[in-house]
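Structure below; questions to follow.
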């Protein structure tokens, strides 16, 4: 492929929302333009696998959770992490308090909603660490493939569901539930956190210096966007709303989301922390009978881009 | 026209049942809300009520009925809520607004129409091939049937990605998915139609020593028109479904399909229902348009009676 | 490039063979009728294989048929469990309920012209609601397990069945109905002995259409929430894991199951409507 | 046979029937007065659309006259139908393709609640009567048109109604087969003494079969002539070449021509 | 008129035709030998299934004989068809419902490549010939059965073929209309001098129309009798009540009966 032009296509892993505020801010504020880049942001959705889009040449870079990206790497799609704007994980399980759940061991016999599509790995490895089978029964948990809203919890079809601190948890509260009625388990607190929203590209492209240079500019501008978003959350949320073409987002929701997102990006300057990486890999390797990755990956990340960008 | 009264009667009954159904459907949430607001309900505690039937709860708590028709994110929105949302997102918004259903409807419609055109064209060409070539008939027909047993939702993302990788983006991928759904009814109907003249009508042309092309133009084609229209009505509805399915894996940004989907991410049931109804209305309008064209054409051809 | 070229040559050769077979003296034997589509299908498969290899299409975009076959063979137990969950529990039960409900409704409608004129337009409007919209709602109402999938299937097959049965019940000629009258037959006798048998070709038309809809409906519904088994579940999660070979293995199962289902209904049709001109030869 | 003073079976007085259609009212029958005695063989002949079928349908209570009176065996047509007074044979055989010949003949018997044994017995008898013994197990489409029509007559005979109404039963058959069935029908009539109302388009057929020929004219359907046949009851086929026969045929033709407007 | 030695138009020698069906071979024609001279009106009569239609179709090259020879104007039927030797009229009018009457008549002319002006001219002429002037703009279903059949004859006449083949053209019409069309057909034949092959089931029709009547018998289809008509060319309708007419009719009936096995 020719990387001599200055266009960059970024595949998001979800619909337009404040989770991706940094990129929209960089676009809106002209940071990309300043770098001489012409950036297109492609929203995602439940039917879009960003690695597949990357493989098909539909995008130059993608956002992905690391478990999913590492799994893709083992499947023969060599993606490489070039930057990690999210320092901490926002993933958690949210349960009704009145189910009597106080700790992971109480999950036995309960029904739990989990996101699949490559996002089930952290949960599975957590359960295997706790020694809880995931195939139903009184001693195990019954797993549901959760859709992308909080209905299963509200309707009490599940005792616990997966939520993101910045999104679904807020939706539960919006439904009128007070935090006292809920128990939450953050993966971060349980020691099973895996890295989320990183920027990935195809390994073969990195061999091309032109492409590398483009990515350097892209990451630099993006991080500038992120930092601006962190310090101006309300403005960032409004920018996101501006770019949402579905017209389905509400302002209140996006502002709150931006507030939570800022907490997750806070500790990162964009470069991947090797310790976080190692913890993610360890968690995944500890996964149960059907592990996400069977061996520690090689070359799944690089500091070359961030080193250059942050100079 | 004779149907107006029966239709109204049926609609009235459906509305009544609908309102009633809101009671058991939404009562759990209504009670929880009431409890949070400090109102006494029977029995107390959401966990307690969890396995109770909605009907029983509705009967024991008549005080909360009104709330079942006025929730923000109800399990079953009440008809007036859906209507209000429909009104709000069509008449009250500029058509260029992202929050206008007309805007989203237009996006979907354009993919539908393009897909319908492609699908119909392909279907007709395939049907012509099938009636003129035994080899094609025998090889293609079974696979055309099999192709329809494949869940389109499963391959739609792949179609999008594959097309994307060869540089095709935007309207066309959606239209192709929509064409995939609409070509089949057209093939089936058109094959039937092209074969509908009886042996005598073919013999007649043979006594005139007519060529294959003449037989097609003068006999097969006109004879197939009624069949074609019947298929087109099925086909346009299928196209619409295809366009919506095609919208899901394209980043779901615009169109009625995207409305449905984003509505479901945020549990916006009212938004889902109004998008659903907008789709059904769109389908009804499209089918009615084709039916109108059918009436006109058949009348011209002396077939409309 | 040579692989792509050989694919094209293969296409030409197979087509030539099929033309010969279809127009040859054995064209009307059952063996040829089976052979021709099989050759066509095989040709497509081999071309797929050659092109995917020839153009080096990445596995995560389009796997070669050989890989799909290998995955299929390795995953039989998983595929079987998914099949039972989606087809047997979801699709079949929904199909049965939907068809039965349409049947009862058709007879109600048949007795009342008022109901028919009221229900048919409303019904066709409701039938135009796309499943991608109704499925999430039904999953929300009927839970994650097969019941909600069956409900989606019921909604999908109900109206096509209703239309066909109603049309079928109108199928008798004035003369046949008059005949019943001269014998002073009751409504139910007329229904049972005349109109139902006469409606059978239409009923089966509806049953065939619905058979393909049923499986698709059950699979699609699983996209919107499911237990961790089922064809739709597997397809959607496998896409996320980039296990495209698994996705296609499930699609193969769906195509086989759908075609066989259709074929079985068509066979029963032959047997029940043996008397209809289209079934006689 | 009681000569001219036989019991009256069907009595129509001043019968009117007007259909309301989208294009306005169509008067199908106007002032039709006719008595049919027990054992009569009455043919109705007239141009297309003159109301022959309509009159037969009135008798069978398939149509409701809009004026005049009509009694069958002293009852209303409705009551007569419930009393199983008629067998009706339509122009097309109208056999159910999913039932065998025997099954088709059994159909009215099932509906009328005959016992199984009785059903079998009667089916056997009428199959013999119409010369179809041995064909009971065949399906209609496996038989020629003439055989199908015979089966349809057998079906109308199976429950032994006193009145047989036949609406162009042989219209679709070729002349030779038709001749043959005409002969058979006469024999059957002689043997059973049923009262027969018979619609036809063919003058020779009407003259050959009937004791009375009713000539009708269209718009509005009226009876223009009723011709009593002087032919003996026993009629070989070549009676059709005798002068008496031709004389009657001529009279019928004249009557027809009088009321006819081409197309 | 050259008396008996007119030019032979259709010459069949020892024609055989066997259909291969799923239930085995059906011999539809066996050893059929017949000469038809220019200007002849030949009727074919015989019980259902005796091969009348098949023979006509062989002449029109719609069916391929399996034995014997058949020439039309000294050519093979195929060549004769390409030379537009025949007009063919089927039992049902078979008009295309999406074309007006004029459009239907124009159909063969379009196919044969007549000029626009010529087409219009010819359509006008044949419409007058069959008494349908003024109905050209109507659709078939707006006409009565008899008028439709006349239109179908006009269509066969439009391109002025020398041979007219008619397969039970009036079978579906009622007797009065049929009589009328018979008269018209005779006039047309007299006026144009065409050679006509005519299939019918009706004995009076065959006798009334033909110069020669070919009687056929079924299984396998053979010619059992060829009757030359002594009737004059000019035939009023009531010629049918003359002894000569009845004499021929009787002979035809006997010939038919001889070869006939009921059903």
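Couple of notes before you dig in:
For reference, chains read A, B, C, D and E in written order, and residue numbers begin at 1 within each chain.
Following the convention adopted for this analysis, contacts are C-beta pairs under 8 Å (C-beta built on N, C-alpha and C of every residue); 3 or more make two chains touch, one makes a residue touch a chain.
Here the structure is a predicted model, which is why all the values come from computation and not from measurement.
Each step here moves to a touching chain, and the least such steps from chain B to chain E number 1. Shared contact partners of chain B and chain D, listed by label: C, E. Per-pair tallies of C-beta contacts place B-C first. Located most centrally within the structure is C, per distance between chain CA means and the overall CA mean.
Comparing the centres of all chains, each the average of its CA atoms, the largest separation from chain D belongs to A.
Superposing the C-alpha atoms of chain D onto chain E requires a rotation of 175 degrees, rounded to the nearest 5. Work out the mean CA point of chain A and of chain D, and you get 86 Å between them.
Separating the CA-averaged centres of chain C and chain E is a span of 50 Å. Between chain D and chain E the centroid-to-centroid distance comes to 33 Å (mean Cα coordinates, whole Å). Contact of a single residue of chain A with at least two other chains is seen at positions 46-47, 49, 52, 55-56, 147, 151, 155.
Multi-chain contact residues of chain C (touching two or more other chains): 61, 136, 140, 223-224, 236, 239. For chain B, residues that reach two or more other chains under the stated contact definition are 75, 153, 157, 161-162, 165, 248, 261, 264. Interfaces, counted as pairs of touching chains, are A-B, A-C, B-C, B-E, C-D, D-E.
Across the interface of their complex, chain D is touched by residues 173, 175-176, 178-185, 189, 193-194, 197-198, 200, 273-277, 280 of chain C.
Put simply, chain B touches chain A in their complex at residues 28-29, 32-33, 36, 45-47, 50, 73, 75, 97-100, 104, 153, 156-157, 161-162, 164-165, 169, 248-249, 251-254, 258-259, 261-268, 271. Chain A makes touch with chain B in their complex at residues 15-16, 42-49, 52-53, 55-58, 96, 98-99, 147-151, 154-156, 171, 175-176, 178, 181, 244-249, 253.
Of all residues in chain C, only 15, 18-19, 21-23, 27, 32-33, 36-37, 39-41, 44, 61-62, 114-119, 121-122, 124-126, 128-134, 136-137, 140-141, 212, 215-216, 219-220, 223-224, 232, 235-236, 239, 244, 247, 250-251, 254-255, 257-259, 262 touch chain B in the complex they form. Residue ranges on chain D touching chain C, taken from their complex, read 57, 60-62, 81-82, 84, 86-88, 90, 92, 94, 96-98, 107-108, 110-112, 139, 141, 159.
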